[in-house]
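Residue numbering begins at 1 within each chain, and the chains themselves are lettered A, B, C and D in the order written.
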Amino acid sequence: MRKVSSKYTVSIHYDRRLYEQDIKGSIAHARMLSKQNIITNNDMDIIVQGLETIQGEIENQTFPWLDSLEDIHMNIEKRLFDLIGESAGRLHTARSRNDQVALDIRMYTKDATKDILLGIDEVRSAVMEIAERNIETILPGYTHLQRAQPVSLAHHLMAYFQMFSRDFQRFTQVYRNADVMPLGSGALAGLPYDLDREFVAEQLGFTSISLNSMDAVSDRDFLLDFQSATSICMMHLSRLSEELIIWSSDEFGFVRISEEYTTSSSIMPQKHNPDFAELARGKTSRVFGNLISLLTMLKGLPMTYNRDLQEDKEGFFDSYDTLSETLEVFSGMLPNLVIDSERMLSAARNSYLLATDVADYLVAKGLPFREAYINVSELTNYAIDNNKFLHELKLEEFKRFSTHFEDDVFEVTVESSVAARNTKGGTAFEQVRQSISEAKNKLLNDWKQIP
Amino acid sequence: MRKVSSKYTVSIHYDRRLYEQDIKGSIAHARMLSKQNIITNNDMDIIVQGLETIQGEIENQTFPWLDSLEDIHMNIEKRLFDLIGESAGRLHTARSRNDQVALDIRMYTKDATKDILLGIDEVRSAVMEIAERNIETILPGYTHLQRAQPVSLAHHLMAYFQMFSRDFQRFTQVYRNADVMPLGSGALAGLPYDLDREFVAEQLGFTSISLNSMDAVSDRDFLLDFQSATSICMMHLSRLSEELIIWSSDEFGFVRISEEYTTSSSIMPQKHNPDFAELARGKTSRVFGNLISLLTMLKGLPMTYNRDLQEDKEGFFDSYDTLSETLEVFSGMLPNLVIDSERMLSAARNSYLLATDVADYLVAKGLPFREAYINVSELTNYAIDNNKFLHELKLEEFKRFSTHFEDDVFEVTVESSVAARNTKGGTAFEQVRQSISEAKNKLLNDWKQIP
Amino acid sequence: MRKVSSKYTVSIHYDRRLYEQDIKGSIAHARMLSKQNIITNNDMDIIVQGLETIQGEIENQTFPWLDSLEDIHMNIEKRLFDLIGESAGRLHTARSRNDQVALDIRMYTKDATKDILLGIDEVRSAVMEIAERNIETILPGYTHLQRAQPVSLAHHLMAYFQMFSRDFQRFTQVYRNADVMPLGSGALAGLPYDLDREFVAEQLGFTSISLNSMDAVSDRDFLLDFQSATSICMMHLSRLSEELIIWSSDEFGFVRISEEYTTSSSIMPQKHNPDFAELARGKTSRVFGNLISLLTMLKGLPMTYNRDLQEDKEGFFDSYDTLSETLEVFSGMLPNLVIDSERMLSAARNSYLLATDVADYLVAKGLPFREAYINVSELTNYAIDNNKFLHELKLEEFKRFSTHFEDDVFEVTVESSVAARNTKGGTAFEQVRQSISEAKNKLLNDWKQIP
Amino acid sequence: MRKVSSKYTVSIHYDRRLYEQDIKGSIAHARMLSKQNIITNNDMDIIVQGLETIQGEIENQTFPWLDSLEDIHMNIEKRLFDLIGESAGRLHTARSRNDQVALDIRMYTKDATKDILLGIDEVRSAVMEIAERNIETILPGYTHLQRAQPVSLAHHLMAYFQMFSRDFQRFTQVYRNADVMPLGSGALAGLPYDLDREFVAEQLGFTSISLNSMDAVSDRDFLLDFQSATSICMMHLSRLSEELIIWSSDEFGFVRISEEYTTSSSIMPQKHNPDFAELARGKTSRVFGNLISLLTMLKGLPMTYNRDLQEDKEGFFDSYDTLSETLEVFSGMLPNLVIDSERMLSAARNSYLLATDVADYLVAKGLPFREAYINVSELTNYAIDNNKFLHELKLEEFKRFSTHFEDDVFEVTVESSVAARNTKGGTAFEQVRQSISEAKNKLLNDWKQIP
């Protein structure tokens, strides 16, 4: 019984990830205490050296981890005492576990967020790069998974660029929300010392300090922001995965994912199972689960710190790892995608995608819109009944439905259809080129928002 | 069978809420078409007048709603045709249902967000106002629902001010994310007309236009942002509810919620069931459910519009209504809260909250921290064993545990403890006063971020 | 303010659905009170008549609903008083709102569950019926959305029969869990009267009574069971929807959903947007949301009744309606599905699905498995490189990879492959026929489990 | 890049838990193959010995785990080949990874479910045991966290016995749902061998075999059932945790949780932070997250196996561990709970809980209910205004509100109130004793449902 019980509260198997933040935070705290004459300069020096030794030990894997000490904080605390003796205790002056934990997790969130921003940028670059190579690749655009209108593949892909750019923006906001220094809040009420909290913030690269000690030790909003942003970004990656999976099917045959990102069996070499895309789609669910867990955990908690809050970290690390790895997978998988542009074009051509454009043709010839619309509707039905596509009809067949049809109806093509959609945000090659060019600037400028 | 089937796709019972946005959007579109010479000035005038008539009819409740027309768009479309005939059709030039729906829901989101911001401000004001009256009200601050340290009630309440201020910030960001004008994206590929999308944006008060037509018709990120922000804000309100419920119990007896916000039975008039707070806590769950629904719905969708997206609205309206009403409940309930400050103070006094302060006292007298700590630990145990609180002990009893104790140990009180925590964010009255003063400025300035 | 506040607690707009259960429950209660001599026979008669009048009024839509009375119970209570005067009050003897609500919602759950069971049966019948017509229709079976092995379409569809049969079983369990009569629990502690609870249970068709009054008024497990079963059943329907959507694409072209269940535009008549399947997939998310809401709402509640519990009903009604309507949609949509069996067969043939079967052929000829496997792997690669399917190769080409190949290798066909999988649960026509025959018996027998 | 990519698909760090099931399943499969003359007796013997060696190696921690082999199956497969050579390959005859994985996870689920059932029983026993000691301990029963009516503590606790008994029932159903043997389904279509699937089922203790191969390899309903049952059971434990946390507060002071299950600081020894109960409440959220993840993951998957399904296991293991450990915590924590029965009784007495009983007293004296009700309502208000509890009033004060009051009104006590609620399920000691006695029988009989 006792064994399980104590295991129940242990977090060292996951919170050891915070070691770097914990040590950095302690060093900044010690320096401030010394600066404010709360501890001596000498104590400060000893403490800082001890902490640096510990960091070295952890990174060289010589640190004596003790599972009996429940968490990263106790492990470091105990080791520091073993290394430097009594001075170690002075590090705890004017600090509580509650504000220390809040500090560590905020620092980690900032680091994680920067890493995610880098990952998003790699995926954005990859998307942009394939788009750039495929401006003139035409495929059917789909609604309801039904072919609807011809579009440039680059245009289709740049839709994801937009999504990932919103994700970049969203994580920029997460960064800002995490960028508040909570140390100095004590257990909950503040501390009876003359602290220089701004000095700690400055040392640790925070742009502001928390303004209410009770809020500071119980607030996990920034983790909710992180989980929410991660869920949305994974949802985008899941949508892209869904498309890659469908496009990889024999029936679509639009793309082939490279071998590193598919599995196959030697006896069925034609199978290119898109396992990585499927896993990305599947892993999206776990991130959603982490978001709902955190919300639910926080929902009914009275002020201030409650032990339930310990449950904030595992889901956070899991979501961070999942998104980080998935971004890395996509930034590797996308550049090696083999595009079957012939098959795409053929799918666009051998359809009735141009019906609307043919109606527009009649309108341009002077027919009222409604009449043009009815004529083309009848024309398309005729073509379907005769198992022909529109471009396979003869002029005389066209003329049966309107005398306004002339030879130039054959100039209505998927290419002309695409070219016609030439307003901002449209699929005309000119617009797509422009949007890629703007995207390049965006990639350069987005980072300027991060302090 | 057919009856259910058609009912399955119907949305008019909830999307009629979009009527105002739909009409405004159509008027702006008609004006742009006329400006660009795509329709005549005359047609435009007729269309605008027709639409204004319809708006009047809806607001005077004389509009002939038809359930057989599935949604708000078809209802208005049909009515416009009945009112103005052929010209009605021209309104659909260079517009698709897909970008029209995207426009309406973005406009509605912006309006809803502004309304939520007002609601948050009312609650922030209410919190600040009680705080202002209770700067010198002392109660125990809790961790783990155990009394931990004395704090100012104003300090406790201002923790919520911080939370709601983050909510304000978060909804400001939602507003920005929704503030992108999608019209001109067509069904998915853009439109073969010379449109002035910026003109439409300007008329409707948008600060930017969408940059990719495929993204524009399938993007619902701004609704996710709304749902996420709503979930977090409701979580804050749920935590406050939890505290009000606990504080209203006979055992705590810290507050009494006014009659309008409680229920009772005539035979048990002593019961003050905090139904509104309980409902707020309960309703938080439904908002979480709406968030997870939307994420799940979007997760596996290929580009571009899929009918699944119709499911975006009901949960959105529900979350908006829930948060909006809950904010209104709190802004009414909080000002009338009866605070039992004597009971709070008594709870703070008749505890062992001052143990840490007594140890600090010994340190100030020159004892090393560790020794002071051990002495006070023994002292407290002695007091507990003798069923006394620390302030009930005699000096000679104090002295048994350390000779450093003097008469001035009785100056260590909950008041002195609170006063000592006088760094930024701490509970000292001075700090609390300062934070309320800053909060007032914040209330004035936060709105400046909204365009 | 007051207006919103009171609106906040109102539930009459959705709980009026409980009117029939509420009245039935009250009649049973009145009869028991009279039988136990707690009220007079005369009072009982007057009460029962009054309640029957009310039921008539509600069903004839002449009932004077008052929104100022918050819920269905108050509306009926008030109306009963207006109709029969003082006797109305005696109905409340030995009953509390808490156990009354618990009774009503349990009765409703039992009714709803029976309705769902009927709906599942209609869908199971529809599945079985198409299966029966398509035993010999062969299509590729997929893993990873990649063609893997030829299967009977009936076999594929009967996989869903299994899923829906588990759903039937699950809802049978929900029925049992709801089938516990809570009246007699009072507000929370039981009642100081000599009640005959078994008599009430018997009248209302319950098979057992609740055993702990505090549990009885706060237990909503049966609604969680309902929400969980509904989520799983909707997940199955969502998977089937996903397949119908993919199969309806131009690229697959395996099925055409009938016009009643698709939308199109007159100018693009070739588009068969599978809106109903998409909505079913989308609506699955809202049911998941309802499940998580209910769990979250219940998570932190202390004993016994808390007003949060009022939030149990809307999500329940929503999930019930959603599943009920979706089942109705599928039972209408499935029978009219047009199957393109030629295209299915062609997809199965023009693939490399038979590689495994060809290896088995070599093993049957005496080759060790591993060697056969390697030979066929090389053979398939050769075929792919030469743009041929296996059945398009000549015997001499086969022989290049193993001398064991004979003319009878051409007898390895999709048909022979299917026929070979002739163990229980396999796709051989014989097995599929058997499974359909067993399914018919199951349909007859499953209902016997419901009391 | 490649490193992350390959890591993305790796599951060996968690699926090694399946080793025992994997080996048992393989042994049963080998025996069946030999019995059916598909492999030789000799091969079977060699395979079984090899697998037993591997099991020994794993359990003695001498097994050479290779992370480069992605999962448990490949690790065992490779090791078997190293140990026994060519024969190892024959184990894969008539088996696919898809049905092998389905088998392993079903076997594990059955084992996990039995373990959970044991854990539930320990908690039920613990609850029953405290209940038995506290039949005559009276405390206030609460609604809305407001004191409502006096109840027996045993009655209160036995409400949880009911909940956990439903959990037991629910997991019994999970066991049955998992108890279906899928081997013989192959990759998806069945297998071209004469298999004896019933023989495999019998060896492995399954009571039935799967009936459709496509369903068998893609079905994870039994895991959903497990996750749902786990969520509900954790919700019950969370409610109990909430009560223990509230009851442990200084203000309630009803219970003291023993030191092993609380934390404290040496300087604040009066704090008994109920960390284990808080963590149980917090961990409930992660289980909810796991449930929603699995539902979401499955929602849009077409037939049959998709790699997304790999994501089924981590959440399952996590939920299993969480519930298992939480049950263990409660079965240790509950028996050592220190009950302050005096404080409970005093809370029940020093309230107005008896108002209803006093009204009943007047009714018994012949007053019409309504009149009695009004009189007592006035009486209670009078008492409150005079800061007295009802039992502190003098008879003459009672008489001011009704002349029917006599000396025997002082016989209306919390004890008489409890005693009066003497119908099945009520709180009278007699009923509670009876319910504990029935519970004991239930504990003995519930296991008989498990095969």
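The rule we apply is simple: a contact is a pair of C-beta atoms (placed from the backbone, for glycine too) under 8 Å apart; a residue touches a chain by one contact, two chains touch by 3 or more.
Remember, predicted model here, so these are calculated numbers, not experimental data.
Chain by chain, through touching neighbours only, how many steps does the shortest route from chain B to chain D take?
So the least number of steps between the two chains is 1.
Name the chain pair with more contacting C-beta pairs, choosing from B-C and A-B.
Higher C-beta contact count between the two pairs: A-B.
What's the distance between the Cα centroids of chain B and chain C, rounded to whole Å?
Going by mean C-alpha positions, chain B sits 35 Å from chain C.
Determine the centre-to-centre distance between chain A and chain B, using the mean Cα coordinates as centres, and give it in whole Å.
25
Which chain D residues reach two or more other chains?
Correct list: 143-145, 148, 242, 246, 273-275, 278, 281, 284-285, 288, 291-292, 295-296, 299-300, 306-307.
Flag every residue of chain D that touches chain C in the complex, lowest number first.
86, 89-90, 93, 98, 141-145, 148-151, 155-156, 158-163, 166, 169-170, 173, 177, 184-195, 197, 209-216, 218-219, 221, 224-225, 228, 231-232, 235, 238-239, 242-243, 246, 281, 284-285, 288, 291-292, 295-296, 298-307, 357, 360, 369-370, 417-418, 420-428, 431, 435, 438
Give the list of chain D residues in touch with chain A in this complex.
1-2, 4-5, 7-9, 242, 260-261, 263, 273-276, 278-279, 281-286, 288-294, 296-297, 300, 306-311, 314-315, 325-326, 328-329, 331-333
Sort out for me which residues of chain B touch chain D in the complex.
Where chain B meets chain D, its residues are 143-148, 245-246, 248-252, 266-275, 278, 292, 295-296, 299-300, 347, 351-352, 355-356, 359, 373-374, 376-377, 380-381, 384.
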